[in-house]
Structures are given as C-alpha cells and as structure tokens.
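We just call them A, B, C and D in the order they show up, numbering each chain from 1.
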Amino acid sequence: MMTTQAPTLPEKHYLNAGYGWRSWLLTTDHKRIAVLYLISITAMFALGSFYAALVRWNLLVPDGSHMSAETYNKAFTAHGVIMVFFFLIPSIPATLGNFLIPLMIGARDLAFPRINLLSWYIYVFGAAITLYALLAGGLDTGWTFYTPYSTVYAQSNVVIAVVGVFVTGFSSILTGLNFIVTIHTMRAPGMTWFRMPLFVWAHYATSIIQVLGTPVVAVTILLVALERIFHFGFFDPNRGGDPILFQHLFWFYSHPAVYIMILPAMGVISELITCFSRKRIFGYSFIAMSSLAIAVIGFLVWAHHMYVSGMAVYSAMVFSALTYLVAVPSAIKTFNWTATLYKGSVQWDTPMIYVFCFIGLFLIGGLTGLFLGNLGTDVHLTDTYFIVAHFHYIMVGGAIMGYLGGLHFWWPKITGRRYLEAWGKVSSLLIFVGFNLTFFPQFFLGYVGMPRRYHVYPEEFQVLNVLSTAGATILGFGYLFPFSYLTYSVFKGRPAGNNPWKAKGLEWTTTSPPPAHNFDETPTVTEEAYDYATPPKEKSALV
Amino acid sequence: MSELAAGGGQHPALQHHFRDLEQQKAASSLGMWVFIAQEILFFGGIFMAYIVYRIKYPEAFVAGSHHLSWQVGFFNTLVLIGSSLTMAMAVYSAAIGKSRRVVGFILATVLLGSVFLGVKYFEYAEKIGPCLPGASGVGCLVPGERFDASALGVSGEAAGHTQIFYSLYFGMTGLHALHMIIGIPILLVIARAAWKERYSPEWHTPVEMVGLYWHFVDIVWIFLFPLLYLIGAH
Amino acid sequence: MPLLPEQASSFAGEVDALFFFILGVSGLFAVGIWIALLYFGIRYRRRSDDDRPREIYGSLALELTWTLIPLAIMTVMFVWGAKVFFELNRPPDDAMTVSVVGKRWMWKIQHPTGHREVNELHVPVGRAVRLVITSEDTIHSFFVPAFRIKKDAVPGRYTMAWFRATKVGTYHLFCAEYCGLEHSKMIGWIVVQTPEDYQGWLAGGPRPDSPAAEGEQLFSELICSTCHDPGSSERGPVLTGLFGRTVALASGDTVVADEVYVRESILNPAARVVAGYQPLMPTYQGLVSEEQIITLIAYIESLQVSPSALGRQEAE
Amino acid sequence: MSGPHVLPVRVYLGIFAALSVLTAITVATAQFDFGPLNNLVALGIATTKATLVVLYFMHARYSGKLTAVVIATSIGFLFILFFLTLTDYLSRAWAL
C-alpha cells in the first residue's frame, strides 16, 4: 500500500449530499438509485433463499412428510418467481450497472434520471403485488406459468402474480432503455465504442435483450390473465387454443432472460480479471462482439426448452443447431479470460477469488448446456434435476459469483470504505464449497431420472438429495458472511481512498464515494481500455 | 460546478447532466424510438397468436371477420389517419413556433381519438351487450359460456374456433384502445404546456415524442384493420 | 444409490454413448481450462507492487482456433444428436400401438388387445411398442428413465413416442411436466416380461372386449352407420379398408387416413372433407371422450376386411 | 428528429391523402376473392401505409442512421419470433 498518510473520506460526496427520506426516495442521482436497488434486491434475495431452504428441507425425505404437496409446490414456485424476476434479472444491471455506467463513460448521470427512479418504483410496486400473491394464498404454477394448468386448473393467485410480474417487467425495460440511450449519446469526448470498458459493452447487450425480450413475455402472461378472467381461448385446448404456442411465446423471452442474468456478470469478470492481473484484456474486440453475439443469437434458440413438448422434429433440429451456435461466444469469452491471466501479475484478493469461482463454475454450467441443446440427450434430461443443476451452475455459480465479485471490487467506490479482506476470502471459499455440494449431486440425480418439482420421490434418490440439502445449508450460511461484513464495513470500515485497487477506468478517477455530480469537468479520454502499463491518473488534489 | 454556471444563458429546459440541447434532444428521440421498438415486440406477441390461429382455423377467421362490419372499421381507420395528420401538424406548428396552433391541432387529435374510441365503444357494446347477465345471450360474442356463434353462419368445430377469433379481436383491439386511452391524457398535458408557451422552435421535444407515440398507435391500427376486418372476400 | 440409470431399451446404449461423448469432450476442455486458470493464477501471482506485465492485445490466430475447433466438435455433437432424435421419433412399422391418456395424476393405458391398465404398462421384451399419448386436462409428460424416452402428453392432440424394451424387469414411469398438486404421485411402472409371461398376463387378466368390438358398439350407438355403412344412404365415405389409405380431399390435396385424421374428422368433420362428399357430418366434440375415440379408431382400423368377417377374427 | 428540419405542409397533406387512398384500395380489393393473393395485397398495402407514416409523419427519414437501426432491429426481432415459431407449426405435418 502507498506509504502516504491513510486515505480519508472526501467531505462532500453523493451519500452526504442530502439526508432524510426525501433525499433518498425522491433522488434522481443514479448512484442513490443503485443503492436503493441494492437494498431491495438483497431483501428479495433473502426471501427467495428462504423458499429455497423450504424446498431443500422438504427434499430431505422421500415421502414428503415435512410439508404438504401444496406447500411444496407454492415454495418452489415462490423461489423461482422471486429469484428470477426480483433478484437475478435486476441484480447487476440495477445496482452496479446503475452506479457505474455513467461514471465509466464520463457522464454526469443516466440519460433519463427520473425514468431511472420510476423504474425503481415500478420494481417495488411490482414486488409488492407479487409478494401479496405469493404470501396471501401463494402461487403453485411454477415460475413458468405453463398453460393449460395456469389458465384452467390452477386454484392459486395466478392473476395477481401475473399482474405483479407484468408490472416488474417494465422496470427491466426502462432500465434497459435508459442504458442504451446513455451509452449511445452521453459518452465523454474520446470515449469511443472500442475504448469503453467491457462492463459497459455487456450492459449494452443486456439492455437490448431487456428492451426487445421483456415485452413479449409481458403480453404472454397478460393473455394468461385474460384467459383466466374472461375465459378467452388462447391457450385452452377445449376452445381450440394451443398450449404449445404459450411455450413458444414464453421461452422467446425466458431464454434470452438467462442471458440478461449472465451477461452483466461477464462484464464484471472482464473488469476484475484485468485489474487483478494488471494486464490488458486479451482480445478486447472479440469479447465485446461476443456480448452482442450472445444477445442476438440468444433470441434464436428458445425452443430447446421444448424438444419433447410435441413440437415438430425438423423445427427442433433448427433450434438445436442454433443452440450450438450460441455456445461459441461464451467459449470465446472463457478462453479470452484465461488468456488474460497469462504473464500477468495476479493478486488473489476476494474479487479475484470470485473471478476464479465464476470462470470455473460457469464452465460447468455452460458445458452442461451442450447436453441440453443436444436433441438426443435432451429427451432424457429435460425436466429432470440435470436441468436444475445446469441453470443453477449458470445463475448461482456464474451470475451470483460475478455479482459478489463486482460488489466487493466496487464496494470502496460505492461506500468509500474497505471491507475486511480476510472475511472476504473465507466466505468466498465457503460459498464455493457449499454451492458445489448443493448442485453437483443434482447432475447425477438428473441423469438417473429424478424429475423436477417432485414433492415426493423414490427412495433410491434420497442420498443424493440429502447431500444437496447439506450443501444448501452451507451455501445459505456462507451467504450470511458477505451480508454481515459488508454491512459492518459501511459503518466501521476504514476509508478506502480513491483507487484502492489501482484500477483503470474513469470511475476510479473520482473520489470514493464519488461527488453527487460525478465529474467537475467532463473528462476527455485518451487511453485505450485497460491500459495498465501506464499507472492510473490520481484524482487531482485541487478540487 | 464551474463549467455549468458559465453555460451562458443556457435554455431553461436543458437538464443538468446534458452537455447541450442537441445531446438532450438526441437522447430523447433515441429513447422514444427504443420505447417504440419495445412496443413493436409487445404487439408482436399477440400478432404471433393471430398468425398461428389464422393458419390453424382459416374458416373460423373468415366467419368471424365477416361478422365484423368493415364499413365501421374503414371509417375508424380514416378517423385515426386523420388524427395522425393533425398530430403531425401539431409537431409542425411547434417547429415553427405557433403555440396556439399546436394546442388546436392537439385538441383535434384528441377529438379524433375520442371519436375512434366512441366508435369502438359501440362496436364492443353490440358484441358484449347480449352477454351481460340478464341479457338474452343471443348475439353474445364474448368468448366463454354465453358465446353465441349462431349468427356467424358456421357450425360444429369451426363455431368453437370463432371464439379464438373473438378472443384475438377483443385482445388486439383492446390493447390498441388501451394505448389510445393512455395517449389522450398525455396529449392534453402537452396541450396545456403548449398553451403556456413552453415550447419554441429550438425546443419542442415533448410534442415530437408524443407525436411518435401517437403515430405508432396509428400504425398498429393500420395493420389491425385489414387483419381483423377484411379476411377473405366480403 | 444408483449413479447411472439402467439400460433397458434399444435407445439407452446410444443415448448413453452420446452422453459420455459430450461428457468426455466437455470434461477435456473444462479440466484444461481449470488447469490453465490455476497455473497462470499461481505461476504469475503478483510478486511486487510495481510488476509491469507485458502488453498483450490478443491474437487472431488463437481466437480463430478456439472458435472453429469448438464449432467443429459441436457440429459432430449436433449431427449425432439429430440422428438419435430421428430414431426416437420414427417407430418401426411392426410396432404394437399402446394408447396412453394422462389424466390428473394417473396414467390410463390401453393395449391393442383392449386390456386397460392404470399407472402400469406390461410389455413383452424385444417388441417395439408405439405409444400414442394424449391428456385429458393439463400437460403431462410420459417419462421412462430406463428407456431414455420422454414425451409430453398434450391435451387436444396426439403425440407419439416408441421404445423397444431389451431387458426384462420393472422400470420407473414418471410424469415429467408439472401438472398440479399430485404431480409427484403420477408415477408408475413399466413391467417388461418374457413373451410367455406376457401372454400369461394377457390371458390371466379379465377378458375385456377388444377395443374394436367396443368401437363397433359405440359406432352403432352413435348411429354413424346411417351414413357410413356400405349400402346406407352413403352420405358419408364408406370406412371399410379406409384406415392407412391415402384419401383425396375436397380441397384437392390428399391425406393419409391415420389416427390423427380420423380423430380430427370425428371432432372437426368440416376441416378436411373427403372429395365428392358434402360437409354434413355434425361434430362429436364433447360427446365422446378420448378413450371412446380410441375405440372408434380401433374399430375403423379393424375394418380392413368386410364387416361380416370381423366375427371370425374375433374368435381366434 | 433534427430540430430545424421542417417539412412543408403539403407533404403532410399529400401523405394523408395517400394513406386514405390506400385504405380505400385495401377495402376495395377485399371485396373480391383472389385466394391467397388477398393476404399479400392487404399486408402489402398496410406495410406501405406504415412506411409512409414512419418516414414522413415520424420524420424517420430525416432522423439519421441510429433511428433506422432501432427500427430495423425491432422489426428484425419481430420476424425472428414469427418465422422461427412458424418453422414449428408449418413442419409438424411433414413425414419423418
């Protein structure tokens, strides 16, 4: 560490720019909105984890004696709905994206600050409606709302939940819209597209998916609600409707949605891996373009969720071929990250541990996707625990590891204070172990044929389920650590100084925490991205 | 904050985080177009349902469409195209600084929009009326138990499938009408601001933005009219 | 605690081979990258604060190699997968047809001989069995892990799967598409027997009417004969020898009269009218259940020979 | 959406007239049965009308490349939804 006197907090910054409820609930400062999102999605993550615990608790025993089938069905549905719509989709874009994109491209704020606040209120309003549906009576259709169960046979709060998710969808659309316009029109002079941080590229690609994908699922679940209220016949086979059409429209969004969840984490990894190996990213343009490629090709592959649904064989072959195509950009990214480490100067701080966790686990998640995109093996594997393991390796092993890594990396910039490095290392390893113990056994459960969403299951699957529940306990316990020491650091953490990691990027040229208006003068960018050869410019001591 | 203060009499509408008015207008315009892109996909979902079911049940769609009066649809289309014209004239008037005309044209647009919704109301009333409790149920075209396909001149399974056509009819025209119901109050807000001389040739972005939205709603109807009202020879 | 499912059908071997091929290739790449990650991470760990690593921008050659090679390998995976998928969806002609109707939380199965079973399916080993699957309410999914087959039961239409059991034994049958409260209880067994045991089982069970006989009874009850019997007013096409034949339609194109066409003509007669006939037939939607339709189809299928000879075939 | 660019009024009136005429044509052609041609004509006219509205009423013609890219992308993704879903529905009847 530098030998100069210990860093101190700047006297004026966005956190003390105003106090009291009004300064927070009516703010249009993208940094404060990011903090509001951080608090609300952490709460939703806690609730989603509670339901996950319920599911794992039930699966300890094969006879389902721990809870009724109805409670179990409502628990896995709530776990799915909360985690997908209220944690994973907003997680990185709404917190780190909101906070960092203006800073990274040298802008004072997002293009539409009021719409940014509106998107948070829409998120909270949608969450309130959905939580009412989940808590007062519950929803038992699964987060996928498959018809005709959701439209004709379900006796739970389908319409209320649909309205909640429909409303929340617009929060995601507005965030995406805000990012696209900001990245296009508000880059600082000199910040050309190919000098932008890859974090911004990843969010640009994510925003395209958010804007173009979310409305399709919005109208689809709206049709489900219309069918339940007015008995329209869209998906009801007795009236000529086609349940498979619902699956097409639903997965048209819901597959690109998994790229909404993983692309921002990839952006975080590109930032972290360069800083902690103090080296330029390997193949910048390839990683940037692969983000866009994932966003576009991601829209062509949705029916690999439907190979056994009774769709046409030839059509399934088209989707299988395209699914293999979408695997290529992810492979390119992984190879490029690994190549970035070559001849670098790797520092194993907590964020870097999360980077290694991300790449290692995302590799398993991505490669198991090859089994599921494959027509032959998917017939056996779809709707089994192999699928559950696959998407948890991508979402928890990938997106959440990336989210935690980014949170730790930019924590000094967001709060101005340092967290305790030792606790960071311990908890990241604990989370790594807990995660693998939870989900690796599920690959075997899947291949042996245990179907998804089963309240009771044959005895021979019990041992693997007990292993998985044990892992879930460790994972749950592991997540408490970052929650506690990060919160602790907000109040008691040592001031971190403007650039504790000596990272490149415009956000590190501001004070920690940054001033309310980000930059006194709009910076002009002269360097290429990740130019770690030249030391980072210290914030000029004048202003 | 030094750079801002020296902005030299910058435009009152310029928001603090933009460099200049040009950047702000470019951002607003791109934002609106991206919003319209999202709306295209939103309607795209229900148009997908229309395409699939029209392929599966052609004769039910022909029967259902014949029962719709294309004359009313034709009149409504002209009304909506007219409202698009008045909207474009409103934007034109804002661009040449005639605030009074902006208010006039926007009110004309609102009027034509209301006429359209009024016609829609009567079309719906004619189909929904018989379905209400206590009503005879003859001629009820709302899909559900009381759906009465006798007037459609088609029997058996196809009669059941006309329920799909009317589900799509109410779904698509309902979504479209909802977009107009949301558009009209926004138009009135812009009209009030124009009445207070807020807009000038340099800055009349809100008028342009609501114009883009209104034209998009008109385009949706331009596709809805032939697809719902004019299927097969009338 | 089994880690690998039994291989009890003709597909199982090939699906497993495909699975282990993908596993092998993915494992190779994964381990390779893990080792590279850890090796680079440790070998080039930060030794002093002012390390200045060399500027490496990237290399087109490397990018191409790790794009084209994975693409080539994945093409092999895709082609092999497509081949297996084709086989899964194309039953041999000699397969015996078993109808499966999913109804919330039970599987109702009917053999060609008319035997009915709930949540159980007895099949002779080595015999190709073609499953014609439908559902009476929500979507279900007929999943037999040991045979590596799975097919959704979609209400309102037939879907098809087939298997050829290769090992005697009892194997799990699961419902793999969430269908409500008792989704996890909608399970059962596939009992694969030697041909002798199977015949014994067939004989042992209560002697049911053959579906064709049931269909014939229903055919007369619903007075279909007034239009369709030879020598009647012949307002409807004569059904003798119809099943499996290519029928010319009024609209000009032709269709093979298989289960799907017959079922559709019962529920939606006006959809594809036979050439030379008027669409007079009323719909039977809601008048006949899925099982009754299956028996009608079985009866029409049995009309290969003139109806009078039907009695003799019954007696054998 | 460049500010100073203002179209003369007659352009708007001309476009309005064109739209009305095209609507009349679409209604007229719907009276006769050209078989599948009816659909093509109806969609063709509707697309022409939509393009006129986008280019002139919405000033897309004078709004630069980015607006064109946004419009093209959204229509492109719409076609992805339509055509890839139809690959399923249209190929269901094909024999294996």
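One rule holds for everything that comes next: a contact is a pair of C-beta atoms (placed from the backbone, for glycine too) under 8 Å apart; a residue touches a chain by one contact, two chains touch by 3 or more.
Note that the structure is a prediction, hence the values are computed from the model and not measured.
Asks: Could you tell me which pair, C-D or A-C, is linked by more C-beta pairs in contact?
Replies: A-C
Asks: Distance from the CA centroid of chain A to that of chain D, rounded to the nearest Å?
Replies: Here the centre of chain D sits 37 Å away from the centre of chain A.
Asks: At what distance in angstrom does the C-alpha mean of chain D lie from that of chain C?
Replies: Computed value for the inter-centroid distance: 42 Å.
Asks: Centroid from C-alpha atoms only, then distance chain B to chain C, rounded to Å. What do you get?
Replies: Roughly 45 Å separates the two chain centres.
Asks: Out of chain A, which residues touch more than one other chain, so two or more?
Replies: In chain A, 184, 212, 216, 242, 244-245, 248-249, 252, 313 touch at least two other chains.
Asks: Using the touch rule from the top of the page, what residues of chain C touch 2 or more other chains?
Replies: Only 86, 89 qualify.
Asks: Which residues belonging to chain B are in contact with no fewer than two other chains?
Replies: 26, 30, 34, 37-38, 41, 44-45, 48, 52, 56, 157, 160
Asks: Counting only chain pairs that touch, give me the topology of the graph as line, ring, star, complete or other.
Replies: Shape = complete; every chain linked to every other.
Asks: Applying the document's contact rule, which stretches of chain A touch chain C when the two form their complex?
Replies: Against chain C, chain A makes touches at 64, 69-70, 73, 140-142, 144, 146, 148-149, 152-154, 237-238, 242-244, 277-280, 282-286, 307-310, 313, 316-317, 320-321, 324, 327-328, 331-332, 334-336, 338-339, 341-348, 356, 359-360, 363-364, 367-368, 370-371, 374-380, 382-384, 444, 447-449, 451-458, 460, 463-464, 532-533.
Asks: Touching residues of chain C toward chain B in the complex: what are they?
Replies: 267-271, 282-283, 285
Asks: Hey, which residues of chain B end up touching chain C in the complex?
Replies: Those in contact with chain C are residues 59, 155-158, 160.
Asks: Within the complex, which stretch of chain D touches chain B?
Replies: Touching chain B: residues 1, 3-4, 6-7, 9, 12-13, 15-16, 19-20, 23-24, 26-27, 30-33, 38, 42-43, 45-46, 49-50, 53-54, 56-59, 63, 66-67, 70-71, 73-75, 77-78, 81-82, 85-86, 89-90 of chain D.
Asks: Please give the residue numbers of chain A that touch chain B in the complex, ascending.
Replies: Residue list for chain A touching chain B: 102, 107-113, 115, 173, 177-178, 180-182, 184-186, 211-216, 218-220, 223, 226-227, 230-234, 239-242, 245, 248-249, 252, 517, 520-522.
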